[in-house]
Amino acid sequence: MSKVYLALQDNDEARYIVEAIEEDNPESTIIHQPAMIRIEAEGYLVVKRETVEEKMGRDWDMQELHLSLITLGGNVDEDDDQLSLSWNE
Amino acid sequence: MSVQAIVPDYRGVVRDRFENFHGNQLVYVAWDKHLMFCAPFAFPVPPEMSFKSLLTDVATDVFAVHPEFDQLDWSKAEWLLDGQPFIPQLDVALKDQGISHKSVLRFQTPELKGYMGADI
Amino acid sequence: MSIQIKTSTLEPVRNTFAHIERRFGDKPATRYQEATYDVQAETNFHYRPLWDPQHELNDPNRTALKMADWYAFKDPRQFYYGTYVQQRARMQENAESNYAFFEKRGLAERLPAEVRDLVVRFLIPLRHLEQAANLNNMYGTAYGYGTAITQALLYNAMDRLGIAQYLSRIGLILDGNSSDALQEAKGYWMNDAVWQPLRALCEETLVQKDWFELFLAQDLVIDTLMFNLFYVQLDEKLVADDGQDIAMLTEFMQEWNKDTSRWLEAVLKIAVSESEENKTLMTEWISKWRGKAAEAFAPLAIEMLGEDALTIALAELDKRVAKAGIK
Amino acid sequence: MNKNKVTTMAAKKLSLKEKYSLLTRDLDWEFSYQDRKDAFPMEEFEGIKITDWSKWEDPFRLTMDAYWKYQAEKEKKLYAILDAFAQNNGHLNVSDPRYVNAIKLFLTGISPQEYQAHQGFAHIGRQYGGVGARIACQMQSIDELRHVQTQVHAMSQFNKYFDGFQSWSNMQDRVWYLSVPTSFFHDARSAGPFEFLVAIGFSFEYVLTNLLFVPFMSGAAYNGDMATVTFGFSAQSDEARHMTLGLEVIKFLLEQHEDNVPIVQKWIDKWFWRGTRLLTLVGMMMDYMLPNKVMSWKEAWEVYFEEAGGALFKDLARYGITMPKYAALVEKEKEHISHQAWWTFYTHGHATGFHTWIPTDEELDWLSEKYPETFDKYYRPRWEMAKKLEAEGKRFYTKALPQLCTTCQIPMLFTEMDDPTQIAYRDTVYNGDRYHFCSDGCKDIFHDEPEKYVQSWLPVHQILQGNCGGPGVEQVLSDYYHFNVGADNMDMKGSPDEKRWKQWKGVA
């Protein structure tokens, strides 16, 4: 299985998102690089709105993710509640 | 293959036709295994120019900066014309010995190994 | 480290880029200037487009209009991307609160049925006209010349998509998100006899080749008539029929029109004052499309507003054309 | 007037997908009065078969209101940082004035291509018959305009204090090495609408731009350039959308018709090859032009292509798509190309719009460590030679113009990868004229569409035809390229840039 990944700018907003991703994807790996945070996982990764809202303590729109997103790899599926990345192999 | 365009007869203008060089033709010259010179050089020269004149009046100035140039004996150099072994005739015009527009001339000097023997 | 720096040695070597200095002198430039002037490449195009071998990739000859300097088309709003999106974000925030207010207070339910029908039959189908306007402004963006005008056309294209989406949302508000109103409105656009000439006109604009002519047809002729008929005269009718709340949902379009008119009128003036040839050409184009548009809007205007409505709208168009120095 | 009220109904909650579809997809209509093919005339000539545009899946469902809102937020943040950068003389915080040359190459070489991407996406954003794909392309068009404008604004501050930025507008369509990126985008823009999207949206954005932006922006961060980091990451936040568009379009084309598969594969092969040739410039920048180095070109290639690209092509295998032709060759090239390229620029440093230099001893050791198989054997001796010549007061600049590859337009500097001491030569004769190539990849591309590539505007040939001013190279540089000769070009050592830097920093 190949890795899917996304990278976020290293800012305060992103720290909550990363925390949420870690919680929802226990198998994922978080890599801190200069000015960015890369998160990878085997085959599948999901960002859930509800978890991010819980971490931030406020309403959070899935599309706000794009303010911090730098790059990603994998097939994207986005709706109101989550954004997932996957490979079909 | 040919181009698939919105019209059936798409044709490109040939930008580098001989006629565009004001009487000159292009000849590319390279000294193999001497990568101080990163790529072959492009020279615009009259097709009537003799091979000798190409060497002494055009190429020498460019290649002479190489530390091994003093040891270079043109008469011992081995030549390739467009990839094929070639024996140049010094006093014959380029066009009369098959050196045409956009031909590549490469010379090899097996005894000269380049700077520090590293093909440079 | 910074303590060692003497401010006197920190004088800039130059104030701006060389091409900006050539145009505006050796002084600090605005962000609009640096983002706009001479950004588009002008020479040495390698390959003729497979989709248009008669032209270069960037080619001023995709219109018959001639300009000595295509950067004469300065946008009075001085929109570059950053100022454009920030301006629209402010408008969208306002629109968002209007739509939210309208929905929260259940204003749709307070509309008289006639008003609802009027909106569905006459306002919502405009979203398809906006879609044509989006394509026609993209056409100018893609095949026009010089960043000054092509970027403004792009902003206008995106505005039109935005407006089409706001109009769609009005439909969704009226039908409780069932999309029935949208389907009904599309039915009018596709089959209602009074809409057909206008739809035919939209389809005709979509097969035009000269981008500046198309710009005049769409942004000047069609849009001026459309705005006057739907957002001025229909708006008045809605107010008279107890439908004034709808105005909350079209405030964005009102603001947009004010903003865009400033740019449109500047472009007209600049193009026409360039040369007699341009003036003649533009006069011909405008008269051709005025004729077509008058015919296309006529049945709709009569059905929606009555006999005089189109005359009023045409007078508005003629005033605008005259103001630009065309007649 | 009848005052019946509209009947009350509970508003149904719309999902993002449904809402987007109603607000966007439903705007289009079937034509009754014109032939739709006259409105969208470019969809068929490439041989691509689209049977049903409605099968298009929108990956991100961004409506204009959300677009304005989020993009304005990004712009507000970005310009706040650019203002602060200018007010605080942020250019003084870069690691070393040599670094600034990397962003000179960026502004002159990449920003104009962002503009071409903007133009190309505007073109297909008008031409696609399917509304979903079309609007995604329109959004990318306006994003790309954003990128060129924010880049120009970020560089504006550097332009006030360093040479080499000021003539970027004039340089973009004239300068010899800039014809490499320029011809790449001209090639894509002059192709049909589907090839354009495979070229730029898929091959470039999805497969390769990570190699351009991510190391570049980390590099800027490592070298104290906050302005570049900021515009770079801000642009990347749009890029995630663009990459996904690229992947969606590939899947869409492959699912539409099996006849599309070989056409798409051919385009992937072509644009992968053209892309790797273009990225040679980035490789050189990473290995040689960043004073504080993030990772080597080779490492970047391994992470961003071999690993990420490998996963992608495994995913596409179900459609019958295979790894791009010559991917195995490029695996060998990663050991060589950055060194071969920087040597070329170093030896042509009199004709470049940025400064060149010999790597420091520490940098040479870093290169040895990063390229243990190749650097000491093939490339370090060149720098030893350059050091010796420089010490003798004979800084080496070549005296003639190089031969160029007809397709990628890079000087014929690449070697056979199994013999890095031998320049690779490929040629062909077409309609009586001889054409030269750096590689099989570039020759294949010519062979597939010779009538396109006979038009190549090869800068060296244009200079020699007298079309760029002259006759001397110096006049070409000053009159045609608008260089400030003696300031913009030549070695870093002794340049006005270096002198000013020393003054600012109070170093003798």
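Residue numbering begins at 1 within each chain, and the chains themselves are lettered A, B, C and D in the order written.
Please note the rule applied: a contact is a pair of C-beta atoms (placed from the backbone, for glycine too) under 8 Å apart; a residue touches a chain by one contact, two chains touch by 3 or more.
Everything numeric here is computed off the predicted structure, so don't read it as measured data.
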Subject >> Contact-richer chain pair (by C-beta pairs counted) among B-C and A-D >> reply: A-D
Original post:
Which integer distance in Å separates the CA centroid of chain A from that of chain C?
Top reply: 38
Original post:
Distance from the CA centroid of chain B to that of chain C, rounded to the nearest Å?
Top reply: 57
Subject >> Whole-Å separation of chain centres (CA-atom averages), chain A against chain D >> reply: 27
Original post:
Between chain C and chain D, what is the separation of their C-alpha centroids in Å?
Top reply: 32
**OP:** Mind pulling the residue numbers of chain B that touch at least two other chains?
**Re:** 3-6, 10, 12-13
**OP:** Going through chain C residue by residue, note those that touch at least 2 other chains and give them in order.
**Re:** 47-48, 50-51
**OP:** Enumerate the residues of chain D that touch no fewer than two other chains.
**Re:** 42, 45, 73, 192, 452-453, 455-457, 462
Original post:
What chain pairs are in touch here?
Top reply: A-D, B-C, B-D, C-D
Original post:
In their complex, what parts of chain B are in touch with chain C?
Top reply: 3-7, 10, 12-13
Original post:
Within the complex, which stretch of chain C touches chain B?
Top reply: 47-48, 50-53
Original post:
Okay, in this complex, where on chain B does chain D touch?
Top reply: 1-6, 10-17, 20-22, 24, 26, 28, 30, 32-33, 35-44, 61-62, 65, 67, 82-83, 100-104, 106, 115-116, 118-120
Original post:
What part of chain D is in contact with chain C in the complex they form?
Top reply: 1-14, 19, 22-24, 26-35, 38-39, 42, 45, 63-65, 67-69, 71-73, 75-76, 78-79, 89, 92, 112, 115-116, 119, 122-123, 125-126, 131, 135, 138-139, 141-142, 145-146, 148-150, 152-153, 156, 159-163, 165-170, 172-174, 179, 182-183, 186-187, 189-193, 452-453, 455-457, 462, 482, 500, 503-506
**OP:** Show which residues of chain C lie in contact with chain D when the two form their complex.
**Re:** 1-2, 4-6, 9-10, 12-19, 29, 31, 34-35, 37-51, 57-58, 80-82, 85-86, 88-89, 91-93, 95-96, 103, 106, 108-114, 116, 127-128, 130-131, 134-135, 138-139, 141-143, 147, 150-151, 154-155, 157-159, 161-162, 164-166, 168-169, 172-179, 182, 186, 189-190, 196, 199-200, 203-204, 206-207, 241-242
